[in-house]
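In the two complexes below, chain A is the common chain; its partner is chain B in one and chain C in the other.
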Partner chain A sequence: MRADPQNYVKVMEEEVVKRDQIEFMAQVGAVFNMLTANALGQLEDHGLAREQSEAIRENTVENLPELLEEFERNAVANGMEVLWAADAAEACAIIKDLAVKHEVKVITKGKSMITEEIDLNHYLEEEAGVKIYEGDLGELIVQMRGTAPFHIVGPAINLNIQQIAQTLVDNIGMEYTEEATEIAGNVRDFMRRQFEQADMGITGVNMAVASTGSIVLVENEGNIRWSTGAPRVHVAVMSLEKVAANTADAFHIMDMLSRSCTGQGMTSYVSVINGPKDAGERDGAEKMYVVILDNGRSKIYADEELRQALRCIRCGRCFIACPVYLTVGAYPYGWCYPGPMGAVISPLLLGLDDTYHIYEACTLCGGCESVCPAGIKHVEMFHHYRAMKAAGNETFGASRGSALERAGFKGWAAAVKNPALFEKSMGLLRFYLGLGSEEGQVHKMPGPLKAWSDYRDLPRAEKTFRQYWAEWQKTGKAENEAAAKADEGGRDNE
Partner chain B sequence: MQKVSLFIPCAVDALMGDVGADTVELLSSLGFDLIYHEEQTCCGQPAVSAGHLEAARDIARRFIEIFEDDEIIVSPSGSCVNTVKNDYPRLLAGEGDWQRRAEALGERVWELSQFLVDGAGIEDVNAAFAGKIAYHKSCHILRALGIDEQPLKLLNHVQGAEIAPLNAAEVCCGFGGQFALKYPLISSTLVDIKTENFLKSGADILIVSDPGCLLNIGGYLHRHHPDRQAMHLVSFLARNLKGGVGA
Partner chain C sequence: MSSRTMILEKLKAAGRPGRINREIMPPVETRPGDVEVFVQKAAAAAAQVIRTNAAEVPQAVRETLTELGCKTLLLSDEEIIKEYFPPAAAEEMGIEAGYVSELPADEYRRSIFRTEAGMSGCDYALADSGTIVIRHDGDNQRLLSLAPDYYIALVKTSQMLKDRFDLAGILEKEKTAAVTLITGVSRTADVALQVVLGMHGPRKVYIILIDD
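For the complex of A and B:
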């Protein structure tokens, strides 16, 4: 999909008032919190397993160039063709050329966020005149409705059964039903016909294994296996951080991914693909390509502080730990990556100026990092982005922040460093707040503080702490000490 | 008597002086000898959160100079403690001696409930309350400092107090400092959800232990549900001491 993060506030204002959606997402969050907690709890030592997955991702990202080269060597030896794409345009052009070369008319897809990132579907439909069907049920529904995925793992998670049924009535001629199994059956029949006639399957990559040159794909519906096994040509698209040193690392990550994502010990389908089919084999593609996409990630890798953004394994666990995502939904983020996961990666890929709402509309509550199996320190990252924006950063698209804000903080810092000035400012603030207050609560506030008082009151205690302390020093201290001693004696006797 | 240096956040000083006063009442009732450096102002968290790191570093160095001779520093704000403990060493990284001083200071700064339970071994402050309360788990106390059981241990020892389960107790109330001013619609929706959960708990008082949450939830309740109340943990304990100190 095309990125549009600048419209965050406008879209957010439309979404944040949808109390039904918020209520529903709260329930979704609660259910998945329980499922994932159970699945992780079943591990013999969850803490250790998480430390391992964090360490694996950290080490992998540290050694990214070497691991990618090793993967390429082994994948080529397995008969795959590896193609490198510097950016979205190059990746799209590469895949279009492959479609033309192999005379492709119909493409089926396995659910893949990376193809959303490069907006591949639109490009291929417009430039190569092919017909593309998303194979994942949720993604297919989203494709038919022409909206962005609501969640990287559950793209249609926000839709109710009526909306889903109607979408399928309108698009695949299904007879209206609200029976989930009937709906799934209808889609299964429809998709089966597409898989059978498809010339090319396009999938993402959950993990590329450097030591074996194979790719690992996990799913629950079978659409990925169809797309990799039935069409003549298979194109797997991966962003360059989706690599693991060896099979043990890859499967530990897949284990943590499944548990953190859907609360499963293992997904229904796990495919390990070692290359195109050999002579005499019945299933598999005749030609297999792996497209490795950079699209700004080398720049992230080059920065030691920001590099941890590449550890993400796309499990989606952080989404349901994010109060902001659960309240505003996916659409305000304006791209395929919403939630905390998107708030970490999108600003670096799209530029800090264009995405500042994404990392500023965050309470820094740390819910995301408390559950991240890849060990990303989200709060630290959002601190970095805010600092980069304030100071300016050419590499990641931050022009120097507002001069007014800078002057404001400079003045504020001067006051903070000067107790007399600080006390005066505090007195001034209390005076202004006092104008709109009664009985220790402020109801109306001026200027930017109006955003507060439009929705809630503000306590304004009768005295500042300093005033209280000065009085307590004079009178209260002696009394309290006597009372404490008497009380101490009383307790000893109990 | 053990000396305790008070780290009173600027927002408490300016707007919630009563919370600071309750901190004094509670700690002195427990026999601690209190010190308050009057030159203390703000820990700089707003500058850290807004990314104005030069201002934040300036303030951090000043804070360290003020407090670094104290053995025990206690604050009724986990959020501000987190700034000193976790942000200062990061901010001053690479400034050799300053980083070391920040780290050394961080080890002596305590969030109030953590100090009482883990530092001083006090779970029963000798308070009683006849009624139902609920407890909101502030983000920075729970996740940034890893303090979970300590506030509840203190509350569990309040004679007569019934603690009602609170749905989504660990979810953010939507304060977030400048977030509340920049994104008031999201912030007010989050505090509305927090309030709904509190009302459903059936408790009379929602106990919070960070001043930011108190500003937000307390202010929202005062506007929309004036019959219900949010209260800082330290105020709840201090105002319900059996001897009547501070009552």
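For the complex of A and C:
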């Protein structure tokens, strides 16, 4: 799957008529907004905790190359092998070679977004002929259905129980049931057979600790513990910004991650992995690899303004704060990262021309940045993208806007700088828009504004704001003041 | 040029006016945890917490095993297990039991997937989140607290730390190949947001909390 602006409207139109899905996602939003607020409220000082997590991420990103070198040094001393991949193709090839070298037939996975980003499953199935099983229940369902995850934490959250049941009937031969406990139990049994025979486990990395060379992984289901504890080879794929200076920093981020994500003070399991198994151990990998992936991130890093995109900790808190995501869902975004988090990172990784549907669909309400534990200024980023697209930007794949668009913005800039010209042009614009109005609503706008009005109605303005304002100064103000006075007097008498 | 060199060079070439050396954020010290808070938090995460004193530990374990009705039990090789509930104690109840170390590697692997209950000690507990912490070494295997249907942990109140930061200070200094933090029972909400306990981990977790 690839992000495609041309496809956006088509997919979005398919999604916005799914009333059940939209209503359910509204509930998901409400429930998780409450759970996360509650969990963050339990901190002794939530404001301070958030300032600290923002500072940790900012500081980590600023010191990234040194921290990566320190992590590598310590991880190697712990017995891990650290491999670097410039892009998705190189990462896939590295992991394929490891699978071949270790004669791997079956792989189980811990839930990881980075392996979705590089489309690792398809590559390994096709190129290495291995069987891969996603260990996370939601991710397994998504894998079987062949779709992108709907949410970075709850990949199948949009599916109803009937769809989930049918998927498992078709793919693992489950007997049809609509009981969640039975469905989970069936997958538990099915996955245990895979965990028992798996030769390789593949996971992501939530945080790599530079000072100790450890990786920290958080989860609720147990798929990560299985994938790191049972197979003889463990490969951890790490997005290069997922590093922390020390264990305390990593644990604070982990804490804010779980509170902001599922509203838990601590997830069911947290694994701190320091390397291959000890001599006395029965479980754990004999060989352990960490693949550090760039895939466009060092290019983002070079830009001081855009660098903040790398602070993201993938908690998913912004998703439930986003009116666009909760309405159109994940699929119109067209890639593995939907929601505000995806709207920040996808344009930089895929190019601005191929993703303008994402950052232009944003309403700039700022809900996302008001809750971000990593201190990302989403709205600032979306403004950057729009400006870069208008001006053209070779580094991030933005060709210059059309001549008409440029002329439009030039005219707009001239008008807002000159009060007299502004008033005149607003009057003209109002008249022009009013031409197509019905019953006080503007349904269709002519010319370049047509696309905008295809999905929005604008109330017809009888006068410009300045005309209203002039009238208000004359009459309305005095009336209003009199009314306010009368109201106050009334209250005094109570 | 290798990808490693290329990536690191690109990162280092970037302008970094905001580069500062921040102080390590939390005080890295070891503070004792509040036992009452631990009990409450562990129970909230769906663990069954049984408080007992040293003399009554065997009885508490027997009652737990009877309640579970299980017939097979694997034990970690830790001192705490040898002290309070060696295999003989389970065998008296008609339960097939043994230490992990008694099994050859391939047999261990076969039986870890088929044993009904696993029991071990732990290294620390974190009061503020109701978490038990296991440092895996030869004495406490990684799958013992994951694969069996039921998991019983023996935890001493003297092992109680306040929270994750106290643990961070310890892990910063002393390393084992893996450390696992377990908070209650594994879970999922992936089926239409309905919470199901015991997704891939044990279906039930018992914490026998020993006042010492």
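The criterion applied here is as follows: the second predicted complex is superposed on the first by the 420 of 494 C-alpha atoms of A that agree within 3 Å, B and C clash if a C-alpha of one lies under 4 Å from a C-alpha of the other, contacts with A are read in each partner's own complex, and residues count from 1 in each chain.
Just so we're on the same page, a contact is a pair of C-beta atoms (placed from the backbone, for glycine too) under 8 Å apart; a residue touches a chain by one contact, two chains touch by 3 or more.
Computed from a predicted structure; not experimentally measured.
By the touch criterion defined above, A:383 reaches chain B but does not reach chain C.
Looking at the shared chain after the overlay, A:349 reaches neither chain B nor chain C.
In the superposition on chain A, A:235 makes contact with neither chain B nor chain C.
After overlaying the two complexes on the shared chain, residue contacts for A:180 are found with chain C alone; chain B is out of touch. In the superposition on chain A, A:430 contacts chain B only, with no contact to chain C. Looking at the shared chain after the overlay, A:86 reaches chain C, while chain B stays out of its contact range.
Judged by the touch definition given at the top, the superposed model places A:469 against chain B, while chain C stays out of reach. In the superposed model, A:78 lies in contact with chain C only, and not with chain B. Here chain A touches chain C in the complex through residues 27-28, 31, 52, 55-56, 58-59, 62-65, 68-69, 78, 84-86, 90, 135-138, 141, 154-157, 159-161, 164, 180-181, 183-184, 188, 191-192, 195-196, 211-212, 214, 220-223, 225-226, 228-230, 240, 245-252, 254-255, 262, 264-284, 292, 294, 298-299, 301-304, 307, going by the rule given at the top.
Within the complex formed with chain A, the chain B residues making contact are 8, 10, 12-21, 24-25, 28-31, 36, 38-42, 44, 46-53, 55, 58-59, 62, 87, 90, 126, 139-140, 143-144, 168, 170-172, 174-177, 179-191, 193, 214-216, 218-220, 222-224, 243, 245. In the complex of the two chains, the chain A residues touching chain B come out as 12-13, 16, 22, 26, 30, 323-324, 327-328, 360-367, 369-370, 379-380, 383, 385-391, 401, 405-406, 409-410, 412-413, 415-417, 419, 422, 426, 429-430, 433, 441, 443, 448-449, 451-452, 454-469, 472, 476-477, 480-481, 483-484, 486-488, 490-491. Listing the residues of chain C that touch chain A in their complex gives 2-4, 6-8, 10-20, 22, 24-26, 28, 41, 45, 100, 105, 108-109, 112-113, 126, 128-131, 136-139, 141-143, 146-147, 164-165, 167-169, 171-172, 175-194, 196, 198-201.
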